[in-house]
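Each chain gets a letter, A, B, C and D, in the order it is written, and its residues are counted from 1.
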Amino acid sequence: MKAIILIHCPDQSGIISAVTGFIHGKGGNIVYLDQHVDQEANVFFMRLESDFNYDEPQIHIFKEEFETMLGKPYQMQWSLHLNTTKPRMAVFVSKYNHCLYDLLSRFNSGELAVEIPFILSNHLELKPIADQFEIPFHHITVAKENKQSAEDVQLRLLKENRVDFVVLARYMQIVSARLIAAFPNKIINIHHSFLPAFAGAKPYHAAFRRGVKIIGATSHYVTEELDAGPIIAQDVTTVTHSHTINDFIAKGRDLEKIVLSRAVQLHVARKTMVYNNKTVIFS
Amino acid sequence: MKAIILIHCPDQSGIISAVTGFIHGKGGNIVYLDQHVDQEANVFFMRLESDFNYDEPQIHIFKEEFETMLGKPYQMQWSLHLNTTKPRMAVFVSKYNHCLYDLLSRFNSGELAVEIPFILSNHLELKPIADQFEIPFHHITVAKENKQSAEDVQLRLLKENRVDFVVLARYMQIVSARLIAAFPNKIINIHHSFLPAFAGAKPYHAAFRRGVKIIGATSHYVTEELDAGPIIAQDVTTVTHSHTINDFIAKGRDLEKIVLSRAVQLHVARKTMVYNNKTVIFS
Amino acid sequence: MKAIILIHCPDQSGIISAVTGFIHGKGGNIVYLDQHVDQEANVFFMRLESDFNYDEPQIHIFKEEFETMLGKPYQMQWSLHLNTTKPRMAVFVSKYNHCLYDLLSRFNSGELAVEIPFILSNHLELKPIADQFEIPFHHITVAKENKQSAEDVQLRLLKENRVDFVVLARYMQIVSARLIAAFPNKIINIHHSFLPAFAGAKPYHAAFRRGVKIIGATSHYVTEELDAGPIIAQDVTTVTHSHTINDFIAKGRDLEKIVLSRAVQLHVARKTMVYNNKTVIFS
Amino acid sequence: MKAIILIHCPDQSGIISAVTGFIHGKGGNIVYLDQHVDQEANVFFMRLESDFNYDEPQIHIFKEEFETMLGKPYQMQWSLHLNTTKPRMAVFVSKYNHCLYDLLSRFNSGELAVEIPFILSNHLELKPIADQFEIPFHHITVAKENKQSAEDVQLRLLKENRVDFVVLARYMQIVSARLIAAFPNKIINIHHSFLPAFAGAKPYHAAFRRGVKIIGATSHYVTEELDAGPIIAQDVTTVTHSHTINDFIAKGRDLEKIVLSRAVQLHVARKTMVYNNKTVIFS
């Protein structure tokens, strides 16, 4: 059994020694350890992977003792993840298909270790792709008058399907505070600009007007403030005066799908931690 | 003799044919031609390089006929630049030396084909570098009470030294409207962020707080609106959660000097044209 | 009607003037022109796009006169392409699906303006994807004893389906000289290294052993010498000591699909010209 | 006092726990820890930074006990470096000045925490730069007949000046096996290509002939096999068909100086470890 342990707590002398000593004592063999100290906030972060010759049931005792001997004394927030279960990912889309295709083709080829219980959209355009990949598709129209009830259906679907995290693959709708509260740091968005430049609507048009020489894409966890959540991944590409807005959009599509998939992979591999609206991304 | 001709005018059918026909008729051999049409603004841009077996005095007739036969009929704004004179560049600095060192070492090794009549600063810290490279150094303190007179001295120095363009190599002072008006699209600044993100003061601190994964630098022509002028060149580099603000600043220094020097080289090679607060950058 | 004209010929004074004058005289409005002179080989290259108020039948006369007045006198090799027909592209694959998925998803969303008469493979693994996108799939096993007959079938399929160009989307087989001769500069391969580094088999393993800090992918036209044809597009990504060979392969997949699709798009847009085993790639 | 400890040893369970426990017991506060396991070679690497409230003399006891309790039992090769001494760096140059200028301007501005006892060259061209920065310059001509005696002088200079490591800032001479043996993994070279592509002489010419779309620079430790030593840093930039060889060289200069300085900074910060002709580069 392989386990990933994520820890953050107030920084203090001796944590690494205490944690690695505990794991060594429990027969674990640490195959990866990375840590980070936020000097400003005085917070310690650690991610470690350890092999154990335990079976899953016994992990219960491990967790209890970890909490008693380390969690409480060091005021840790910590979590343990086994490699035996795949997280369940819902995908919300609108009309653009490039991010969806990229996620589904990775899923289909086994590159993306998740379950996808359903795809949800406020439009019908991408249903054929869901069909093509044989994944359930839910069409929920979102309009001013039915926002509340649409959200109710969304939340029910997420709950019924035991969804662990949500990917907004160019969803183009503002996600409600209620949904965000139900999935804190568990909704991943792709914004088609190099944030914080060009937050909000039509970023390629804004970039074109400004005459920038580089455009970007940003994947981030969704928070209540629009396009202002913790950044997981960013990438850029060059543009010139000779590119039209349509060229920006076409070049941007390639960025968007790669950056979103990269962020999803990092999330799935438990390589992201969030603190003070920023991420620690382990290597 | 080699001449570079820059043209912009309302777009219309037949311009390229007319211009290339004229140059061919005058015995010119076009060795480079690039053009761009801004479809939105309906403006045509062209840069061409042509070899002539003329001497410089005869170019006078060439220019007169060009204006009569092409300039007026096509409502062109155009300019002709000979490879026989080097533009004269003033450098304004404050306390940071990396951009200055980069410019001067390129100048010293013949890579940068300019004259540098003087370096100007509101501080004395970089005088030793000017001395090291044997370039006159003018120290002009800028304070609230003497802004007007400081500007007077700056303008006089620029005029007396027949300066063609000014490079703000991390000058850290806001340039007055009067100076900008005297050197339209001829003052090149380096801003230490990926504009339009993090305009204004302390961009690395702002980038650090936002938790971006990529930082940048932007070189642009100075206009009255702060950090909003036409962008000449941009570049970026990756950062991670493990980088401190000082790491951002150190990584940024390398970006800043390379991007500023690239912009200066483009300007010197007459590869930049400005329209609607954007640049056309010829290859 | 919009036409793209590609020209290369010995460099000489007056070509641009002659060509643009001709097109202007024929009522064409040039919307794009880019040219390049290979100074070493003394060869002139030009790509131009022009709008005409002709119908397609009349283009016949245009072409005859172009050949008489320009083609012959200037010893041009030239071609004219109308935007009214889509090139027909065959895709050869083996077992890896990421490049195929990327091409097909672009094709399906209208981003890639081609016809795809068939997908061909020496394996059956990717047949479900062809089915998913409803494109004919031909399975032709290639073994030592049947190489000749397998080629015969391939050539027949390409001919019967009037294929214009072939994309090797991680085909993993060496293409025969006969096929290359039948499709000169019309077979596009993706090699999973930054050529000329790591040509041949297992480039990621070789890159891993060498301890490089950057890996790449290269798309090129296939020539008889393995991995040595004219390069169309390249891109790279960073790696570190902490990446395993499998990480190299996973990061490489993203490069491969983007670089191959970029090369295919350039080919389809007639933005590539080949000379002396090198490409001119117009912007 | 701050100390950096570098360790490599056969991988085995419990090392991190043992080392961090030891340091904790000695009153050290670990502010950075990164580790890597080479799974193929079964080797464990670790770099840690720790604050101590020791003075330098007492470190002697620390080191003895570390060796007894950890070094021997775990078969470690380890080293401890204090932040109180600056490494001494000799710079070897030939005629190109861009890398030298970049190193010296960083040195002068305090960015590069080294001592530079001397610059050595087989030519006199760069003596004025050494003078400009007031660093001793040794001119040692290297010719076929005096290779042995030239080396003798070089080795004597390095020894007399207690040089810790050597930077070949475009030295253009092959360094002898004797010098390499005296400074194992302590001679840093910059090669002006993306190794292993274009090893050897005139890489830009070779890259131009091959028609690549990206060029690079590689900094590596010098080993007996030419351009084949462990790679420390690499970077690349794009080129097009429109770039001449001189453009390649000019663009390459910017890469070379940045990549070499980055490698030097990593070496100085003790962030590099070498194993099996590859580097581990800590973040």
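In this section, contacts are C-beta pairs under 8 Å (C-beta built on N, C-alpha and C of every residue); 3 or more make two chains touch, one makes a residue touch a chain.
Here the structure is a predicted model, which is why all the values come from computation and not from measurement.
Colleague: Could you tell me which chain lies farthest from chain D when each chain's centre is the average position of its Cα atoms?
Modeller: The most remote chain is C.
Colleague: Applying the document's contact definition, name the chain pair with more C-beta pairs in contact, A-D or A-B.
Modeller: Between the two chain pairs, A-B has more contacting C-beta pairs.
Colleague: How would the chain B/chain C interface be labelled, same or different, where same requires over half of its residue numbers to be shared?
Modeller: Both copies, chain B as well as chain C, present the same residues to each other, with over half of the numbers appearing on both sides.
Colleague: Measure off the straight-line distance from the CA centroid of chain A to the CA centroid of chain D, and report it in whole Å.
Modeller: 38
Colleague: Where the CA atoms of chain A average out and where those of chain B average out, how many Å apart are those spots?
Modeller: 42
Colleague: Residues touching two or more other chains, restricted to chain B: which are they?
Modeller: 240, 242, 283, in rising order.
Colleague: Within the complex, which stretch of chain D touches chain C?
Modeller: 36, 38-39, 194-198, 210-214, 216, 230-236, 240-242, 244, 277-281
Colleague: List the residues on chain B that touch chain D in their complex, please.
Modeller: 97-98, 101-102, 105-106, 108-109, 111, 132-133, 240, 242, 250, 253-254, 258, 261, 283
Colleague: Chain D touches which residues of chain A in the complex?
Modeller: Chain A reaches chain D through residues 13-14, 16-17, 20-21, 23-24, 29-35, 37, 238, 283.
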